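Next come two complexes built around chain A: one with chain B, the other with chain C.
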Partner chain A sequence: MSSLCLQRLQEERKKWRKDHPFGFWAKPTKNSDGSLNMQRWDAGIPGKENTIWGQGCFPITIEYPNDYPSKPPKVKFPAGFYHPNVYPSGTICLSILNESQDWRPAITLKQIVLGIQSLLENPNPNSPAQEPAWRAFSRNIKEYETKVLEQARKYPK
Partner chain B sequence: MTFNIDKELITLPIHQNTIKEYNEQLRYPPSMFNNNYNIDFKTQTKQLLETYIDCYIAGIVDLANSTSKINKLGGNYIKYLHIQYANNTVLKNKLEQFKTDYKNISKDISTDNLTLDYIVNDENYYFSQLLNNIVSTEGSSTSTDTDFNNYCKNLNDPLLKVFKCLPLLLKDPMCVLPDDEENNINNNDDDDVKVAGGTIELTCPITCRPYAYPMISRKCNHVFDKDGLTNYFQSNEDGNQIKCPQGACKAYLTMSDFIKDDIMDLRCKIYKNISKKNKLNKNNDNINDVIL
Partner chain C sequence: MTKLDPFCCHSIGSNSELSYTDEDEFYEVIDIGKEQEEEEKEEEEEEEGEDDGDTDTEEFIFENSDSDSDTYSFESQFLNIKENVLKTSKNLSPKSSTSNKHSINDVKVDYDCLNTLQLYDMLIESKIRRLKPIFKISETRLLNLLAYFDWNEDRLIERYTENKEDTLSSCGINIFGSDNGNDIKNVIKLEAKKSYVCPICCEDNLEWVFYLKTCKHHACQECYQRYIKDEINKSKLVKCMNCDNTLNLNDLDLIMGDKDDGSRKLLEFSIRSFITKHSDQYKWCPFADCDQIIHVKDTCQLVEFPRYHISPYVKCNNDHNFCFQCGREKHAPADCRLANNWIKKADKESATLNWVFANTKECPRCSVNIEKNGGCNHMICGGCKYEFCWVCEQDWEPHKNSFFNCIKYEKGKVGNNVEDENSDSNKTKNGKLPKDFQKYKHYYRLFSEHEQSAKLDMKLYAQIEKKIQSMQETVGISWIEGQFLQESINNLINARTALKWSFALSYYSDQSHNLTKIFEDNQLLLASNIEELSQLFTEKDPRMLLEMKLKCLNKAQFVKARMEALIECGRELLSKGICS
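== the complex of A and B ==
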């Protein structure tokens, strides 16, 4: 791991502990020997109140590559997560997480999680990443909403 | 226009010759063709100001209490710029006059390439003779203060900027400077300067640490630490321009677009000094508590 990567992640952790948006959580995972793995974090994204996502807090994993922050972290929901812009593997399709699109080293953890929260209720129909959720979202919104509500119950706040 | 010859400068821990030379420059204000003056005076002023700031960081002088000295130094510098500006306008007017006269005498020869720099730098050219005639004839500058202010704005002189914002930064090292606000309005770009609740962040957006060597992009005015930038541009192997590290900024940059950001450096130094002082005061309070 480059020294900048580790240094930046330690500062991100400090900043997050000092202040983070309401309802979110994020922390580095632990290695088998109990030490912190700074390059792999677990986090939770609460659905926005008064939306079909509002009842859930959705788990994500954040993997920081060795050349972070020059390269973006890889952010994943659990495999099979139901959302038009999430691949079957759980990988999130979001421009700020894409190196060739809008990723910049100055983007913080806070901006990433807020971006994902906003993506939940505002799917981008122009970049589908999975068949079921995308098809339902564009053709049968009732079925889509039922599925989303069902999923939210699986990950209660 | 006369300069303030500052005898108090001698109290600074700086080589006596520098002060001597500085005061010497003040006795002989700039003439129209004295280019050396330009470089020397600037360097000397910069050196003196830097010494002041270094002494402040080391706790030898209190800048807040020596603003009058800084103002003298800055005042001299502005006067110097003013003289230079006035000289240039007079010279330009004379040159135009000379060109018209010359055209009237000899219509065949083009005067289009005849610029001020060309004449001044070409000593062997026969124009130098004529030039002396131009200079020796009377002429006065018709420029106004507004002209001079605009000239200073376009000059983008880093030293002048430091003099202007030093008093503001001493009061609040995280304050938004009037110039920055202007830039924001002109560019119609809300994240041009990183503003959080009306303050400037003193940490690099890439490293998330306090700046060690802040550098500013001349294209988009975004500031980053040298370490973070080096790392970012190293990751781009082909050396082409890549996107500015600031989110949503549309500029494409290389390392050569960045220069040292003196203002940010000053902000950090002042901030460090203030927090050091606050810590000391706190410790003293604690000691008092124990004694009481």
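== the complex of A and C ==
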């Protein structure tokens, strides 16, 4: 791990502990020997209140590459997550997480998790990443909402 | 002339008109495209008077070459031919320009050779001057725009007139801070305060900070340099680390502290994409580690080439020859289409054959592995002293007088041979290979033989300067006198390439046609002369080399003439549709 990557991640952690949006959580994972693995984080994204996502808090994993912050981290939901912009593997399709699109080295963890939260309730039907959720979202909104509520119950707050 | 002499048709061939001397006889035997050729024929008949003289000489030569190559005094006849060629071409040249409206000699390609620096100086100069009055923004901003639009100014102007603000903001150019055509620096370099922490790397105790005036974002020098180095190789614009504000070329140079790492590099990147987008006009030299660019001034010229079954060969400043159309090495007498077919076939069928032929062969007698490290096909086994021919791996004795008749595809003889070999290397389901494959294998073998030899010739070529030097030292001749070696080896290499590609042509040709036979006889003659020439180069003693000077030059000239004849004959095969 480069020192630049580590330095920045430690600062990110410090900032997060000092101040983070309500309902969210994020922490580095632990290696088998009990030490912290700064390049791999676990986090939870709460759905916004009064939306179909509101009942759940959805787990994500954040993997920081060695050349972070030049390159964006890879953020994943659990495989098979039901959302039009989430690939079957769980990888999130979001422009600020795309190196060739809107990723900037200055983007912080807070911006990332808030971006994902707003993606949950505002899917972008123009760049679908999986078929079932996208089809239901654009053709049968009732079915979509039922599936989302069902999923939210699976990951309660 | 009563019998159909295979060589009289194309033995000189430095001028296409010369080669039609005996066209009349061909029409009796060959009966295709007669009507179309009527017109040509009439023209040729007018010229026949002048051609008579050199027909005799040609005949004379071939009688000689058939009988005994050792006693064949080549030089005097060669000079004879040369005289004739000069005489006839002089007589013909004014005529041919009037009688043929579109002679093949008119098909030319005008090009120049540039490197990236020259190319973008050219682009920048012409485009900036034209666009600056329209946009009323500074040159560096204009360069941002042009780079973003891959130097396609039409598209840029179109988009700009459609929606001015959108175009500018999509390139991250802040129109509110409009510079009215003056170069304003967007980035300021500041000394860092002690308490400053860079938002990117979270380091404190820093030396320099860069601050963007338009968006008020900032980061330390180290972060910015690292970021730009990374970004410059993948995008047309470098943006602020926090938002879409674009850094202009001056900003990059200020941050990087060096033009080569900053603006030059970014421009080079966009020039590269410019070339890929304008590949009809600009092409990189395909040779390894060569950074030259060929620019064809008028692409309309290229259209004429396929009609005549020739290719637009160009040469870069590093002396690399290649075909502008397909980007391959010189592939005459084959045209681009045929060369393409051949290469595709080779890719498909001969990945394994490549290995079978490429490197070593076993001595036919004692089975020791032999690597060929010189240009000649006359092999003497180091172990058992068996003399054999590298091509057919048979006894050398029968080759002695009628040099290299093994290059001819003789169905019965070679067919059997090939089948035997195939049984252990390339078995098909029923153990037999299709006839076409055998034929292909034969020609592919010849093709790769000469490819291999060409590589060895290139090795020789690399040593030639040394040879000339040693001649200067031991024999005491001037450098310029030694240049005959250089000249001869150039001819050898060119002829070898042409011969190589002629086998591709042979494979696709109608074997039963007379012209194909003539072509193959031409091939045979060229091949034997090439081997003789390359044999001359194996001489190591500088004194002997100098003695052979005349022989070498004559041989090289003759090889060159034969090569041109072969190419012309190949072109005829293609244009008459005998080769498909």
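The definition used in the following text is that the second predicted complex is superposed on the first by the 157 of 157 C-alpha atoms of A that agree within 3 Å, B and C clash if a C-alpha of one lies under 4 Å from a C-alpha of the other, contacts with A are read in each partner's own complex, and residues count from 1 in each chain.
One rule holds for everything that comes next: a contact is a pair of C-beta atoms (placed from the backbone, for glycine too) under 8 Å apart; a residue touches a chain by one contact, two chains touch by 3 or more.
Computed from a prediction, not measured in an experiment: that's the story for all the values here.
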| Does the superposition put A:L4 against chain B (first), chain C (second), both, or neither? | both
| request: State whether chain B or chain C is in contact with more residues of chain A in the superposed arrangement. | output: B
| request: Using the touch definition from the top, say if A:A106 reaches chain B (first), chain C (second), both or neither. | output: both
| field | Which of chain B and chain C A:E145 touches, first, second, both or neither | value | neither
| said: A:P69 in the overlay: touching chain B, chain C, both, or neither? Say first, second, both or neither. | reply: both
| message | Quick check on my understanding: which residues of chain A belong to both its chain B contact set and its chain C contact set? | response | 4, 7-8, 11, 67, 69-70, 104-106
| query | Residues of chain C touching chain A in their complex? | reply | 199-203, 217, 219, 223, 226-227, 230, 234-235, 239-243
| said: Touching residues of chain A toward chain C in the complex: what are they? | reply: 4, 7-8, 10-11, 67, 69-70, 100, 104-106
| remark: In their shared complex, chain A is touched by residues of chain B numbered 203, 205-209, 224, 227-228, 231-232, 234-235, 243-249
| chain B-facing residues of chain A, complex | 2, 4, 7-8, 11-12, 15, 67, 69-71, 96, 102, 104-108, 111
